[in-house]
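The following blocks contain the structures, represented as C-alpha cells.
Two complexes, one shared chain (subunit A), two partners (subunit B, subunit C).
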Partner chain A sequence: MSVASDARPGERGSGDGFFARLRGDFANSERRTGYTMVSPSLLLILVIGAWPVIYAIWLSFQRVIAQETSFAGLDNYATMFSDPRFHSAVINTSIFTVLSVALEFVLGVGIALAINRGFRGQGATRAIALIPWAFPTVVSAIMWRLMYQQTGGIMQYIAEKIQLVSGPILASEQATLFAAVFVDVWKTTPFVALLLLAGLQVIPGDVYEAARVDGANALQQFKSVTLPLLKPAIVVALLFRTLDAWRVFDLFWAMSDRTVESLSTYVFKGVRISQTEFSLGDAAAVFIFVTSLVIAAFFIRGLGSQSAGEG
Partner chain B sequence: MSGKSFESPWQRIAFFTLIALFIVMTLFPMLYVLKISVVTPEELGRAIPTLWPRDFDTTRAPYFFTAYETVFSDPIFKQALVNSVVVAGITTVICLIVGSVAAYALARINFVFRSSVQSLILAISFFPAVAIIAPLFLQFQTFGIIGTYWAMIIPDILFALPLTVFLLLAYFRELPAGLEEAAKVDGANIWQAFYKITIPLSAPGVVTTGMLTFIFAWNEFLFANTFALDETTQPVTVVIPQFATTYTTDFGAQAAAAVVVTAPLVALVLIFQRRIVSGLTAGAAK
Partner chain C sequence: MPRRDFLKAAGAGVAGTALLGSTACDGFTPAVEGTSNSLVFSFGPDDSGVVQAVIDMFNKKMGGKITVEYREMPADTGQYFDKLRTEFQSGVVVNDVIGADVIWPAQLAANGWLEPLDELFTEEMQSDYISAPLDTGRYNDKIYSVPWYADAGMLYYRKDLLDKNGIKSPPKTWEELYDIGAKVAGAEGLGYGYVGQGAEYEGGVCNGCEFVWNGGGEIQDPKDLAKIVIDSPEAMAGLEAGQKVVSSGVAPVAFATFKELESLTVFLNQDAVFMRNWPFAYGGLADPALGTTFDPKKVYEQVLVTTLPVTEAGQENFACLGGWTFAINALSSKKEQAWEFIKFMITPEIRETFTIDRAAMPPERSFYEDKKLIKEQPLLEVAKDAIASTKPRPIHPYYSDMSLRMAESFNENIKSEISPQQAISTLQTQMQRIADTNVPNPNI
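After this line comes the complex of A and B, so read on.
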C-alpha cells in the first residue's frame, strides 16, 4: 500500500533536485509519454472528482431554490446540526460503523487464520468466501429482508424462538439497524478475511519457527509475530471498511423502506427528494467528506508510525 | 494440500466444524432465497418456515416456477436488465481503455510523479461518492444529461477506475519487460510496445479486470438511484427494491428477481475465483 509512504508532490519538491528531475522527465521522450498516458485518468479525476467536491463545498454555503443560488453563510450547517433527523442519522451511522467493522474484523481475523492454516478444501472455501462480495448490496438487503419477514422468514422465526425479539424485526427501527449490521457482516466479513489472508501469506514461516524455538505458545506467537507483521494489512482493511460503513446507503435504503436514517440517506433525501432542502443535503455531504478525511488521516497515521518503527 | 498436523483429534474436529459453519453461514441466505422463489405462497405462510422446499409453485406456467414467470413477464424488469448491461458495459470499456494506458505507464515508466499519481488513483476508492451527488445533479441538469445513461456512466467511470488500474498494474508488473525492450530495439515506440506486445500477452488479466469492473458497475446503486429518473434507464439495482414495493406480498417474485440478478455473478466468481483473489489482494499485500 502506498498511501502513507508516498510524499505529496509539494513536499517532494523541496530541493532543486526535484525540478531538475522534472525537467529531465520532459527532456526524455519515454518519460514524457508516461505523463501523456496517465493524463486521461488524471483529467477524469479532476473533472468528475475534484471539481465537484469544490463545487459541493461552495454549494453548502448557498441557498439553492429551483437552481437559483444565493449566499446563505453557515445557515445550512446551523439547520443541519439542529435537525433531529440529522442527529439520528449520525447516531445510526456511528452504531452501524462501530458494530459492523468490529465484528467483521474479529471474525475476519479468525477466518483468515483458519484458512491460512492450510487444509484440504482450502481453495473451495476461499472461492465461497468471494460470493457475497460480488453481490449488489441492495440485492443482499432484499434477500435478507425476505428472511426477516413475518411470512416465511427464518430469521424472524429464530429470533422469536430464542426470545431475541418480541415483535416483527422490520417494524422496529432499532431491530432493523441491528439486522442491517448482520447483513453487512454476512456480506463483507469474507472479503475482510481474504484481505487479511493475503497479508498472512507473505509472513515467512521461519519467523514462526524462531518463535517456537524460543518457546512461544500459539497465543504468544499470534500476539508477538502475527499481529505486528499483519499490521499493514489490518490498517488497510480497517480503513477501507470504516469508510465504507460510514457512507452506508444501499443497505439502509433497501432494508428499512427508507425509515432508518443514515448520513447518506439524509444527503439523498435533501438532494433528490426534497425541493427545499437541496443545500441542506449538500451540507451533510460535505460533513461526510470531511469526517471521512479525518477517519482516513487517523488510520494512515497508524500505518505511518508502523512503517517508521519497523524501518 | 494438507496443512500442519493437529495436536489432538478434538482440535481437528473443532477446526473443521468452524470451517463448515463459515461455509454454511455464507451459502445459507442464497439457498434459502432460492427456496422462497420456487415454493407456493401457502408454504411460505406456514408458522414454522420450511428448510427444504415441499410444494413447488408451477401453477401459472407449466415447467416453470410461477415467481420466475412473474419476473420475466414484467417489462420493467426486462428493461432494467438491458439498462444494467448497457451502463456497466460502456463503463467497463471506457475504464479498460483509460485505465490500461495509465496502468502501463505506472508499471513501466519511471517518471517523477509516478507514485503520487498512483496514490491519487488509489485515493478515489476511499472517496465517499455521496459527497458529489449534489453538484453532479446540478451539472447534469445544466448539460441536459440527467436521466440518461451518461449521468450514471460518467461517475461510475471515476469510481471503477482505481479497481481497473490496480488490477491491470498487478498483471503488467508480472510480465517480464524483456519482450517490450526487444521491440523497442527493433524501432517500436512505447505505444506500439504497449498495444502490440503487453496487451496481447496480458489478455487473461485484461479479461479478468474487465469482468470485475463490470461487476462493480453492475452493482452500483447510489448514482443510479439519484440520476436515473424513470424505468427507461433505471438498472436492476434500482428496480429490485422497487419490486419489493410493487410486489409487497409476493415474496416469491422478490426472491426470483434476486436469484436472476445474482446467479450470473455467482457463476462468474466461481469460474474466475483464482484470478480474482490474486488480483484483488495484490494491492493489500504490498
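After this line comes the complex of A and C, so read on.
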C-alpha cells in the first residue's frame, strides 16, 4: 500500500489530503469508472482478508467457554501478559528470530556473492542449494529430531564429542532452542541466498567498472556499491524471514515435541487443545498479528524501500 | 454464541462436501445421515484388521437390517478428539457410535453431545466390570459410555538378570527399584536401570499420575470431583520418587524425552533392567518387526511383568487407566441401532476375539479367570493385577486443560527444573482454577 503513496511523495501523510484526493478522483469520470471496476476485488479482499482479522480481534475481547460467549474487555490480554508461559513464548520466539535471521542473512550474503560469479554448474549448484528449503518443515523437523536424539542421534554424538553439550540436547529447553535455530539456518539460508542473488544480478556491471576506475578496492566496492544497490533485496529477504521466524510453529512443535513454547504453539494450545483458553489463544494470535505489523512497518519505513525506485 | 454460529456455518460446509463426496463414493468422506439402516462408527486406524472383521460379522449377522460403516479417524488421539469436537460444535451428525478414549466421555457429555445410557446399560450388566473403566463413563450421576478395552501401566522386568545378581523378587518400592536398577545395570553394563515415559504428552501425564497415586496421593478428590487435592505430602513424596528416576542416575536425562516406543526400543535392545509400559509391549517383546533382540522362544522366561512400585512398602499400588469405550452421539437419529451394535461388540464371543487377536484387555473380571482363554492369550494372566489396580485420570469436562498443565509440570519435575513442592503447588492452583471454570450448559 505504501507503493501507491510513494508515487506521489507530495501528498503523503495528511488524512485531509487523502480525502481531498479521493473527492478529486471521484469528480473525474474516468477514475470513477476505475474505482467501480476494482470495487468487486476490493470487496473480496475485505471479506476474505479483513473480516477474519476483525472477527479474531473482536473474539479476543470476549470470554469464550465451550459454546458460550460473554464480553471480557481486556481480561484476556491481562491474563496473557501475566502468564509465565506467554513470557517464555515471547523470549523463545525473540531469541529464535534474532539468531536465525541474523545467521541466515550473513551466510546468505556470503553464498549469494559466491554463486553470483559465473562458473560451470552454476544452475545445478543453485538447484541443489535449494533442496533443504523444499522440504516441508515438519518433515525436516522430525528428521532432525531423530539426529538430535540421545540414542543413535548423530548430532547429539557430535555435540558431545566436541563438548558443546554435556547432556541430551532434547532434554534441555535451551539446547533445543539453539538446535531449532540451527535447523532453521540449514533450511532457509538457501532461500535468503537466492533472494539476494536475484538482487545482485540486477546490479549493472558498469557501476563496478566505474568504482574500479576510481580506485575502489573489493571491500570498498562491496560497501559503497553492492550493499546500497542490494538494499531492496535485503529488505525483502529480512522482512520475509523475520515474519516467518516470528510465526514459527511446526519446527518447535515437531522438533521439541511441544516442550519449547513459541508464540504460535501458545496460540495452538489455547485455541485447539484447551477448552477454556480459546480467547487467551486468540488474544495471543492478535498479539502476533500486531507485532508482525510493527515488524513489517519497521523494515519498510525504517530501512526504507524507496531506494527501490531510485535505482 | 457467534462462535457457535460460525462453526455451524462451517459445519454446513463440511456436510455439503460430505454429501458431494458420498455420491462420488470415494470412501474418504462418509455419508452424513446415510440410508436409514446404516450407522457410522468412528475409531482410530486399526492395523490388526480385527475391528473391520468384527464389523463385517455384525453386518452379516444383521443381514442388511443395520449396516455399520467404519470411519477411520486420525491415529493421534489428540487430533481425533479435536476433529470430534469440531464436528460436534458444528452440530452435524457424522458418527452414530463413537469409539472414545477413556478420558473423553466427561468432556463430551458435559456439552450434551453424548446420549445417557443408564436405561440400556443397566446396573446388572455393569456388575462384572472393573470399576475404573466404568467410572470414566460417569458424569453427573449418569453413564455415557460402555467400556471396550482397558490399558494399564505395568512394570516389565528382566527376571534373568535379577536372578543372576541374586535378587529374588521384583521391587515393591521405587527406592528398591532404583537400587536394583542401578546395581544390575552397572553389573551387566546396561545403559538404563529403568525406562518409562517422561516426555511432555499424555503418556507423561499417565506416568506422573502413577507417581502421585503410588505415593498415596490423589489428584482429584474421589468424593468430590470438582475438588483438586494434589497439594498433599503424599503426592509430593510420589513426585519426589518421580524426580529421582533421573536425579539418582538410574535413568539418563533423555528419559524426559521418552514416549512408549523410545522406552520399548531401549528395552528390546536389552539395554534396560526395568520398563514401565502398557500391555501392548508384551507382544512386542517377541516381535522382530519392532526390532527385538530377544530370542522369541526364551523372552517370556527372561522378562516378567508385575505391578508398579509404591513409595513406601505396604501402600496400595495403582496403574493409570488407558483404553477405549463406546458412546452414542446424542444427535444421532439411529440410537436404537447404535445400541444394537454396542451390545454386539460387548458379547463374550466378540470380547474374546478382541482379546485373542488384538491383545485388547477386556474390562470385565470374569475373562481373567477363564483358563481356556488364558491359554490362548497369556497376557490376560500377566496383566490381570495391573488392570485390577487401574485408576482413571481426573474426570472433568475440561480434562484437556488439566492434561496440558500436568504434562508440563510432570515433565519439568523429571528434569528437576522445578521441585516436587513447586510442581504440586503449581498444579493445585492451575488445576483448581480449571475445575472452577463454568461448565457449559448443555441445554443452550
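Simple rule for what comes next: the second predicted complex is superposed on the first by the 254 of 311 C-alpha atoms of A that agree within 3 Å, B and C clash if a C-alpha of one lies under 4 Å from a C-alpha of the other, contacts with A are read in each partner's own complex, and residues count from 1 in each chain.
Here, contacts are C-beta pairs under 8 Å (C-beta built on N, C-alpha and C of every residue); 3 or more make two chains touch, one makes a residue touch a chain.
Predicted, not measured: the structure shown is a model, and the values here were computed from it.
**Student:** Taking the superposition on A as described, I'd like to know which of subunit B and subunit C A:44 touches: first, second, both or neither.
**Tutor:** After superposition on chain A, A:44 lies in contact with subunit B alone.
**Student:** Just checking: does A:272 make contact with subunit B only, subunit C only, both, or neither of them? Give me first, second, both or neither.
**Tutor:** both
**Student:** Looking at the overlay, what does A:77 touch: subunit B (first), subunit C (second), both, or neither?
**Tutor:** neither
**Student:** Just checking: does A:170 make contact with subunit B only, subunit C only, both, or neither of them? Give me first, second, both or neither.
**Tutor:** In the superposition, A:170 touches subunit C alone.
**Student:** Once the structures are superposed on A, label A:178 by its partner contacts, choosing first (subunit B), second (subunit C), both or neither.
**Tutor:** neither
**Student:** Tell me the contact category for A:151 with respect to subunit B and subunit C: first, second, both or neither.
**Tutor:** In the superposition, A:151 touches subunit B and subunit C alike.
**Student:** Touching A:292, do we find subunit B (first), subunit C (second), both, or neither?
**Tutor:** first
**Student:** Mind telling me which of the two, subunit B or subunit C, contacts the most residues of subunit A?
**Tutor:** B
**Student:** Counting only touches as set out at the top, which of subunit B and subunit C does A:281 meet: first, second, both, neither?
**Tutor:** It touches subunit B, and subunit C stays clear.
**Student:** Is A:259 touching the first partner subunit B, the second partner subunit C, both, or neither of them?
**Tutor:** In the superposed model, A:259 contacts subunit C only, not subunit B.
**Student:** Quick check on my understanding: which residues of subunit A belong to both its subunit B contact set and its subunit C contact set?
**Tutor:** Dual-contact residues (subunit A): 55, 59, 64, 67, 149, 151, 257, 272, 278.
**Student:** Considering only the defined contacts, which subunit C positions touch subunit A in the complex?
**Tutor:** Those in contact with subunit A are residues 1-4, 6, 78, 82, 89, 107, 110-111, 199-201, 252-257, 262, 265-266, 397-398, 400-401, 404, 408, 411, 415, 434, 437-441, 444.
**Student:** Under the touch definition given earlier, write down the residues of subunit A that touch subunit B in their complex.
**Tutor:** Per the stated touch rule, the residues are 1-3, 5-9, 12, 18, 21-22, 25, 30-31, 33-35, 37-38, 40-42, 44-45, 48-49, 51-53, 55-56, 59, 64, 67, 110-111, 114, 117-123, 125-147, 149, 151-154, 157, 186, 190, 194-195, 197-199, 201-202, 233, 236-237, 239-240, 243, 246-247, 249-250, 253-254, 257, 263-264, 267-268, 270-272, 278-279, 281-282, 285-286, 288-289, 292, 296.
**Student:** Show me the residue ranges of subunit B that touch subunit A in the complex, using the header's touch definition.
**Tutor:** Residue list for subunit B touching subunit A: 1-4, 15-16, 18-19, 22-23, 25-27, 29-30, 32-33, 36, 43-46, 48-49, 51, 98-99, 101-102, 104-106, 109-139, 141, 154-155, 157-158, 161, 165, 189-191, 215, 218-219, 221-222, 225-226, 236-237, 240-241, 243-245, 249, 251, 254-255, 257-258, 261-262, 265-266, 268-270, 273-274, 276-277, 280-286.
**Student:** Hey, which residues of subunit A end up touching subunit C in the complex?
**Tutor:** 55, 59, 64-69, 85, 149-151, 167-168, 170-172, 257-259, 269, 272-278
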